[in-house]
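Two complexes follow with subunit A in common, the first pairing it with subunit B and the second with subunit C.
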Partner chain A sequence: MPLAFADPDFPAMLKTVDSLVSFLDTDFSAEYKIEQSKPGEGTSVTDAVMFRRDKDEKYLILILDPASDKGKGYLKIGLSMWLYDPVARKFDFTSSKERFQNSNARNSDFTKSSFATDYDIVSTAHEQLGKFPCWVFDLKANNDDVSFPRTKIWVSEDNLVRKVEDYSLSGQLMRTRAVPSYQKVGSRYVPVMMLIVDNLRGKSVGGKFQNETTRITITKPSLSALPDSLFTQAYLEKVNQ
Partner chain B sequence: MTVRDCFRLIAFVAALCAATALSAQEAASDSSVDQLFEAPQADVEVQPSDASQLITPFHAQPLTVTGSLTATGGGVLGVKDTKDASGNWNGGLEPSMTPGLSFVPSLTFVARPDESIRFQGTVDFQFSPTNMFAPEVDELFFDYTLLDKYYFRIGKHLVNWGVTRIFDVGGNLMENSSDGLNAKLNIPVGIGGVTAVMLTPSSLSSGYTWKDLTYGLQCDIPLGKAELILSTTAYRYDSASLPFRGTAVLKTSLGPLDLFAEGIGAATLSVSPNLQGILSGFYWERSNPEYKLYGEYYYNANDTSQNDERLSLVAGANSFLDSPFDIAVQWTHAFMDGSGIIVPGFSVGLWNHVSLQIGFPIRYGNPGSFYIVNDSPSVTTSVVPTEVLTWQERYGILFRLKMTTGF
Partner chain C sequence: MTLFTFSLKSLAGRRRRFFFLGLAVSFGFFVMTVSTGLTEGLLKTVREKGAFYFSGNVNITCISRNTNDTTMDAQLLRDAVREALGPASVFLRSIYYGIDAQLFFGGATVRQRRVIGIDWSDEKSGEGALNIVSGAFPEGGDRRAVLISETAAKRLGVRVGDELMLLVTGPHGRNTANFVLRGIFKDSSIFGYAAYVSRTALNDTLSLPSDYATDFGVTLGGGRNNDAEAEKIRAALAKRARVFSVAHTRAELSDLSGGSWQGKRYMVCTLDAHLSDIKQVLDAITSICYALLAAFLAVVLIGIVSTYRVVVYQRSAEIGMMRAIGMSKARAMAVFIEEAGALTAVSAFVGLIAGEIVLFAISLLDFPPSLDMFLKRGHLAWAIDPGVMLGIFAIVCASTLLAAWIPARKAAGITPMDAMRAED
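Up next is the complex of A and B:
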């Protein structure tokens, strides 16, 4: 361990990690571009708008593109989540642990960060991640509501999560997330781009195994207050044809 | 070496290979991820955008007119039961053909003058031999939001209550809501909501009273972390036909599987409530490539003497094995008499806007049994070509050419 790093208060550090990327005192909205790459199959792009109210554990995602999915909406309130199908004009109850638009992102990736409350620290270590000196937290879930029971996070000196590895209960690496750079909005941080590698899905192309990846680019971040009515099923029905 | 030892050896080698392959693929992906941190773009500070930029496109929209055209033609070639003069099966089969044709251009307009109001309408110009391309208003309604909390939708439109995808057995209490005018009010309450609907019949004579109208009420009550997560209850009062109908729906998800159970009941003012039926099912889908798997079970509690239980399963895959073919199969079975219908099928795009759908319907069961005389319930997957056509063939080949375009 380098001398420059004295052991910090790790639980407090996790709380800081969560607070920097959560929006408990404001609403949050932004445009998301989700590029899903499958080896040998090309890339599909989904454009969406995200509206978040972390203090009430709510979010609404509206799909703008592709045309076949336009108007589809995800509404999450607490532990309940609905998917609105604009063609059938029906709501389906779905699990927030599941994949978002069948990408490598999970619906839970769009909620506030909760490492400090949903996980217990198993161990910590110090590691260099490219140019970032990082603390590495090995975490174990303390409840069943999270998408992954084990996770490992790399936290840089500015208390931002740079890399996450999600594991199954048996220790199988399921996926890896990387956030090389952030954009600071007010006093909070939002990834400029997040890369998600699915460690289980992929295909051999030209004799080399390539994993499925999802690249999420976030633009137009906003902290403006959003109307209460936005986080309702009625709103999803209203904005759709 | 015993047979058991052989299996153990094979299992060990397989596990070793799998572990090696997994660690190799993890290592490959891990290194590519770590490269991102060698020279990353510096963190930046940005000015927050105005959220109205994101919301406004949903709230205000000039008048937009779009159209679509769907033309479908096809038929079923096969054999069906021969019948005697009194209509009973006489033990033979005869070749037959059932044709089907549909041609529906339609126009849709939408306008959102401001965030509180929206107008929308769709007019179909359906071809029929007796009334060629007569315009028919499919829907025409306006939405009005009062005090940002009360959502009204008033006009001619379909209200969709119920969760069924296959069996049309009364779960959607509003199945005929688009026949006349209706007014719907939705009020979000907590994380659920209450919806009230008032419907007129398809035609109203002058001097009608409130008794000529139909009324419905639905409550959505999410139960959060409970095992049964969403409960929906709906009631309908209709003095003209069945005074009270109601449903209770419980939905939850188990991993990637959506599950539901729905009870359908009815009552009159003079008779106590009775259970009409129970419907339950599951739904699973993934996209890119798209796979769907769903099934429903229905128990008809209205007539317990028949032991009327039905089951239907649907499986479909788009671009099956990277081919241009979408494939699907639907199996529907009636337990009361052992009859059923199996329709495997595929769909392939032939030219721009034109697809060919082929199915191989097979009916089984005794003459006069439920699915020998009744049609298969339609399904939402477009691959199994049961739409447009109703057929009585026992076996056959079902073909359909479909052209769709939007403008």
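Up next is the complex of A and C:
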């Protein structure tokens, strides 16, 4: 078989996929708008600011809007994660597998990409996804810390993830994510917009079943260095004083 | 020809006259069969479910004051139960009662009233009490297995084979563990807000020793008196350790742990203490049944007395003839008593069979989940206690014989001469 048609090195490709959207040599911050649509209940909007330090597996998300949630914060340090409630002035343990602000996003969606380390490749295939020719990776988790034990990702030729299907252990499709476009930040990429469809939850409206969806828009990405004190519980308490 | 056969033939010959009386007895027995069959079935189902949920027909826990030692001495408890009851089915459980117990799946969460750590192989017999509607009861040693209720499964959107995360708080803080859903049981009643996992896996999640247990359960077969057996166990246990008196009610259960005492003590509790509220409802249903029985008996008694008064009047000539050819007073009386007895026996049997047919038909019907506490796989289970039915039959027979005895005595007292005059 001619070398030009040989399959790529898939494990290496997954590492590239992770590295393009992770910030191991810099800090990262951006503003996130999360629009949650529930059939028959309208759309709720949450504005938040995100601070990430991927090399230390830390992030802090501070809710700016709506006013009722203003000051709430999510702090992740390694495998530990807390949710700060400014009204009760207390931290509650939470899990990266939990929903973010009752949306269809998981807390784990805001951390660095780790397909290459957390999953093993079960199979691959080549498929056209709209205008993108993609490699499809069927992945199986190799540890219990990930949010989904099975996942399927569509990777375009530029090594960016365009679509993700998350499955439960029994093979039930739970979530579909689409990332139609990215913005370049330094040598890395950040989605411009991400659409999440919850395949499990929804409601029949007018006789037709509609799924819950979440649209996440990311603006003002920055690679500026962030102070160490930002990734602490004290910072969340201080910012609410 | 025996007197009983004679009575049956006499009844057959006068079937029109006795038809409505027989129908009344049959209907009464039918009502009693259905009502007691359902009540017994409900009680049996609730007891089975309760015994599984509340850790046995007799349950032993260990509490302490001014000491951190709440370790159960399983061997000591086994020895006490063996001394009290001989070989008995016993098991250990580790139960988490914290209000923060939560299950996570797919970003959704559901709280659990209690997380019950059990040894799958020791409690395989309790499988029937759980009404598993999807999946199966886990095999012994399956540390990753979890069983949850249908309500919880629906709220989480989880199905058998999926992985769930359990969050609990142990002595050293909050911890999580992943379990695989092996089975979903149908129960939206108070017995439904629990998740069952492997005891050792729950202990590990709570950072407790693997063999740790909070409850020691004793399963008693049907028909055994929980209160009496609990007293025997308590007496045997008192020889080995400090133990409270047996708690028979929920009030006693909470009162016992009060008062002034120190150290570690065992508490023996019967299933009825946990089920006291439910039992009150079922006792009320049983009382209604017995009130029905009393009303039915009163109606039947009046019917029998009236019918036999007419019968005696109409059969005066026949009685006189029998007396004239040498039948004794006692034997003449026995004819009427035997007739009433045969009527009751045949009618009761018909009522019993009709009742069982209706009970069987009811057991095929689907009932709403609001009745889950009393249902087995969505159906009402029924149970006929032969002792109870024999008792009811004896009461009905005694009552009808008593009712027949008054006119029968009058009939036996008729002289052949009076009988002939009456015929004129």
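The working rule: the second predicted complex is superposed on the first by the 235 of 241 C-alpha atoms of A that agree within 3 Å, B and C clash if a C-alpha of one lies under 4 Å from a C-alpha of the other, contacts with A are read in each partner's own complex, and residues count from 1 in each chain.
Here, contacts are C-beta pairs under 8 Å (C-beta built on N, C-alpha and C of every residue); 3 or more make two chains touch, one makes a residue touch a chain.
Keep in mind it's a predicted model, so treat the numbers as computed, not measured.
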Overlaying the two complexes on subunit A, which is it for subunit B and subunit C: clash or fit? clash
Looking at A:L195 after the superposition, I want to know if it touches subunit B, subunit C, both of them or none. Which is it: first, second, both, neither? first
Is A:P149 in contact with subunit B, with subunit C, with both, or with neither (first, second, both, neither)? second
Regarding the shared-chain residue A:R106, is it in contact with subunit B (first), subunit C (second), both, or neither? second
Just checking: does A:D228 make contact with subunit B only, subunit C only, both, or neither of them? Give me first, second, both or neither. first
Looking at A:G186, would you say it contacts subunit B, subunit C, both, or neither? Reply first, second, both or neither. first
With both complexes superposed on chain A, which partner does A:F93 reach: first (subunit B), second (subunit C), both or neither? both
Compare subunit B and subunit C by how many residues of subunit A each one touches, and report the one with more. B
Using the touch definition from the top, say if A:R53 reaches subunit B (first), subunit C (second), both or neither. neither
For A:L169, decide between first (touching subunit B), second (touching subunit C), both and neither. second
Interface residues of subunit A shared between complexes with subunit B and subunit C: 93, 95, 97-99, 172
Subunit A partner, complex, touching residues on subunit C are 104-109, 157-163, 165, 167, 174, 176, 178, 180-181
Residues on subunit A engaged by subunit C in the complex (per definition of touch): 93, 95, 97-99, 104, 106, 144, 149, 168-172, 174-175, 198, 200-201
Which bits of subunit A are touching subunit B when the two form their complex? 27, 29-31, 36, 38, 41, 44, 49, 51, 62, 77-80, 88-90, 92-95, 97-99, 101-102, 129-132, 145, 158, 160, 162-163, 172-173, 176, 178, 180-186, 189, 192, 195, 197, 199, 202, 208-211, 220-230, 232-234, 237-239, 241
What residues on subunit B touch subunit A, complex-wise? 21-22, 24-26, 28-30, 32-46, 48-55, 58-59, 108, 110, 118, 120, 143, 145, 148-149, 151, 153, 158, 160, 163, 186, 188, 191, 193, 220, 222, 224-225, 229-230, 251-253, 255-256, 258, 283, 286-288, 322, 380
